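To keep things simple, chains are lettered A, B, C and D as they appear, and every chain counts its residues starting from 1.
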Amino acid sequence: MATENIAFIGLGNMGKPMALNLVKGGKKVTAYDLNAQAVKELEAAGGKGVKSVSEAVAQADVVVTMLPSSPHVQEVYLGGGKLLASAKKGALLIDSSTIAPDVAKQVAKEAQAKGFDMVDAPVSGGVGGAQAGTLTFIVGGSEALFEKAKPILSLMGKNIFHAGANGAGQVAKICNNMLLAIHMIGTSEAINLGLANGMDPKKLSEIISKSSGRNWSVETYNPCPGVMENVPSSRGYEGGFAVELMAKDLGLAIEAALSTKTATPLGGLATSLYRMHAEQGASRLDFSSILRFLKKA
Amino acid sequence: MATENIAFIGLGNMGKPMALNLVKGGKKVTAYDLNAQAVKELEAAGGKGVKSVSEAVAQADVVVTMLPSSPHVQEVYLGGGKLLASAKKGALLIDSSTIAPDVAKQVAKEAQAKGFDMVDAPVSGGVGGAQAGTLTFIVGGSEALFEKAKPILSLMGKNIFHAGANGAGQVAKICNNMLLAIHMIGTSEAINLGLANGMDPKKLSEIISKSSGRNWSVETYNPCPGVMENVPSSRGYEGGFAVELMAKDLGLAIEAALSTKTATPLGGLATSLYRMHAEQGASRLDFSSILRFLKKA
Amino acid sequence: MATENIAFIGLGNMGKPMALNLVKGGKKVTAYDLNAQAVKELEAAGGKGVKSVSEAVAQADVVVTMLPSSPHVQEVYLGGGKLLASAKKGALLIDSSTIAPDVAKQVAKEAQAKGFDMVDAPVSGGVGGAQAGTLTFIVGGSEALFEKAKPILSLMGKNIFHAGANGAGQVAKICNNMLLAIHMIGTSEAINLGLANGMDPKKLSEIISKSSGRNWSVETYNPCPGVMENVPSSRGYEGGFAVELMAKDLGLAIEAALSTKTATPLGGLATSLYRMHAEQGASRLDFSSILRFLKKA
Amino acid sequence: MATENIAFIGLGNMGKPMALNLVKGGKKVTAYDLNAQAVKELEAAGGKGVKSVSEAVAQADVVVTMLPSSPHVQEVYLGGGKLLASAKKGALLIDSSTIAPDVAKQVAKEAQAKGFDMVDAPVSGGVGGAQAGTLTFIVGGSEALFEKAKPILSLMGKNIFHAGANGAGQVAKICNNMLLAIHMIGTSEAINLGLANGMDPKKLSEIISKSSGRNWSVETYNPCPGVMENVPSSRGYEGGFAVELMAKDLGLAIEAALSTKTATPLGGLATSLYRMHAEQGASRLDFSSILRFLKKA
């Protein structure tokens, strides 16, 4: 593949290491972010910083955006950011933000109306995955666009899934994360119940991990301090995936449920529990700290 | 190991195939059940039927009980069944019923006071596992008793776990099943939300199965008809693990939570949802049919 | 007060009887609705029907809108309906639709920017209250506008509350209805639990009505058939406030909760329970039928 | 009515003022409690303290018990307390403890088998009501026994309800308190949602109190500090009905639900929320402090 010019919009905790991996992969990266320090770091690594979204995208073959929420995406693409108004004809637009599926569809529709190729490609894997280039991308868009985006995404991630049409990347992401929240709370309840009834949490986790209760939380990201090394629960729930971000993703899931008249009893309860946990002071802790919210250590 | 005399009490859907596997394993099995037909089947296979618990256990080196609920276990061991009053000195007692941990501890305590060895060894794996001899046993009792019970249990099952002291087998079982109920409902919600937002359930299940939302339900026992072959959802939710039995196990979990002042927000909600689903007519369907309760097909 | 010209937009189940009460109150009412039959009924009573929103509002001193949801209100006021573009200078705009508080604020802001007075004035009391002219209005807007709107609202309702600034009418309405949903389900659970434990539901309802559990549902709108006369539960849950409408109002509450990062554990669960109840076929039944969803009669 | 000899067992926070009111009412009260100080206070007021349950009940025409939980009641009546073995022939036994309906029925049955009249008569109204003699009693037992107990209960309370047969007093009490917990949390959610959306909580509470959301919590025991005087929320949630006691009553409700296969989705969730709130350090605060658990002040 020829070396493309890539514009990267949004050099936050996730975006910056992703952009750096594109530079490392040999791409010519032109980036924009309000944070001058982040731009400087990218420039030090060989990228180029510019003063506006318009400037960043003007010559780009591929545009990658990594923004905090739906309104930011709307603003950058359709509003004051003027991305759609400024991008090069035929550019491939990749939005890796986690946003409402309806907004993803709307932006993609407007992009296509102006002749752009666009996919939604939200990620999972956290800051660690972004740095290591091992993110998972879940892509919404046509099969052809999926294939077109894949080589770029592969520079930043390891698993690249095709979920379906535009918006499907977002849908799959929020379905996955809602389920993750549910089994993380469920795992915490099960371990807590075992503890209260005299069981060793390590032994209990081992048994569940080999039985029908098994899930990603109990097997790889155990919420109980001391059961596993190198997970947030064993370092005071520092690092990892913040309670506030999980609450945000759950909010997207519930909005998608409301707008499609879908019942999500456990998903809705998980949303309230994470919100309460955040309000009680845990918003920056890893989401596995929900165990602590069930019972004070 | 020398051929022991084994008494088997309770030839129900689970107990009968378990007892048959002991016969197949070369044991001399003397069984008791009110159901004459079940006793006859065991006799046809080489076992022996008797008219009372007392008679069954009188000469047995090992006693296995497989009963529906806590009161039945109390009745058989301590009440009219007179098991503890009739068993041979030094016999090993194995209760494979799924019952309240407190009752398991109480019965074990009385058994030990009378000089018996006793373990709780509840199973998972369903009727299919009982027939195939591939059950999972989760054993509560000393390490020594675990080793003593293992050869017998191995004739009926494949995975034999040691959970801890007496009662721990029951605790681990109900913790596992509570978590199973939670991720089954959560998986159903996620797939349902994906469907409502236009996703292919098979594609969504594949992505989740390789992502952080993964769990036993989505990977091996998918609740959405058509996603997997050979699971209850693809045969009208027939067979499998009945809603009523899941509701029973959840009830045991909630009782254990109440008696230890433990919060189980998702576990409690799962209990009510399975109870309501049963009341609406689904008590005999497989528990993955909870997807249907979220949204009429 | 001089006879004003009133424009009425939206002659649905609620809007039509409200408009008729304005006619009865001596007002000159010009109405618009897509439903020709409803317009005809208004004309028969002395009102006037027109072919567009613009035409309806052109000469009106007061405009009342009664529309199904947020998008309809946006469309009529700001979009193709051109209400703000067509209304008479200085007209008082009253939106009695139940919609998202954020949308109510946005529309009011645009109305004020164009020199209109505007209040949100959602109602409770149902079709019966609309016909009898005994609705409750909960008004959002300045004190002065509240006083200005009151004489008009008094022709259609009995209790007129001032909740606060623009949008506060909507906020108070959805807070009230969320709480209503919660104590209706709670009341149903309590009665159901009493029944299952052998109590007479009438006796139980009487005791609760005089004790700390008392609430509007148990005292005036008992969900258990046979406890009270003249409530939906005693006529097969026909009439009253439909499950689907309660689900809609709960959706607005949850959206407002998500957008302000507010936890609503019971409100969220009530939302899912009403949604599931609707999906199982009860969407048009009265919302007190949730008792049936707990346990099949 | 002639002056009866009354035995009073259990001079705790509730029992002591209740016994004092019996003394004030002209009854001859003989009391037993492990707490010597409480006994001394009763003696100072004109009662008599004794060293055992047996001694207390030996000459009593009426026995009143006020004990913390089911096991205490079983111990006093059937176990080491020997109440049934020691009481005077034909005595009327009144148990005012809040306990499991099944235990109430069991004890009543054994009492009746020994020729005693027995009713369950749990109370509401708290320590304040006990002191003022304004408690509510909810009585389970025959109509005749209800009439027989009423004059005694009237010395300690104001509202005396007849709920039904033995155990029905307990059933009605726990149904009421489950509903109370639900609308207290619901009211807290509604006020919290209003606050987050800019509403004045006093104004919102007024509107709800006159609308369909109204209930005992919002009208008389508002959980939001500053809305009402003389309620726990306006004195730091001190005094009132402790979170731990509400959690206990909810536990009784859920046990009764499990044993009768009854779904209580909101009741179950309320149970977990109060348990979590207690675990986070609020067990001795008034139960209206659940508002604080939703959002840190």
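By definition in this document, contacts are C-beta pairs under 8 Å (C-beta built on N, C-alpha and C of every residue); 3 or more make two chains touch, one makes a residue touch a chain.
Keep in mind that this is a model prediction, so the values were computed, not measured.
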Listed pair (A-C, B-C or A-B) duplicating the C-D contact set, over half by residue number: A-B
A-B compared against B-D, more contacting pairs: A-B
Chain at maximum distance from chain B, centres defined as averaged CA atoms: C
Chain centre separation in whole Å, for chain D relative to chain B (CA means): 39
Computed distance of Cα centres, chain D from chain A, in Å: 51
For chain A, residues that touch 2 or more chains besides their own: 261-265, 269, 273, 276, 279, 294-295
Residues of chain C touching chain A in the complex: 247, 251, 254-255, 258, 261-265, 268-269, 271-273, 275-276, 278-279
Residue ranges of chain C touching chain D (in the complex, touch as defined): 101, 124, 136, 138, 159, 161-165, 167-168, 171-172, 174-180, 182-183, 185-187, 189-194, 196-200, 203-204, 206-208, 210-216, 218, 221, 253, 256-257, 260-267, 269-270, 273, 294-295
In the complex, chain D residues that touch chain A: 265, 269, 276, 279-281, 293-296
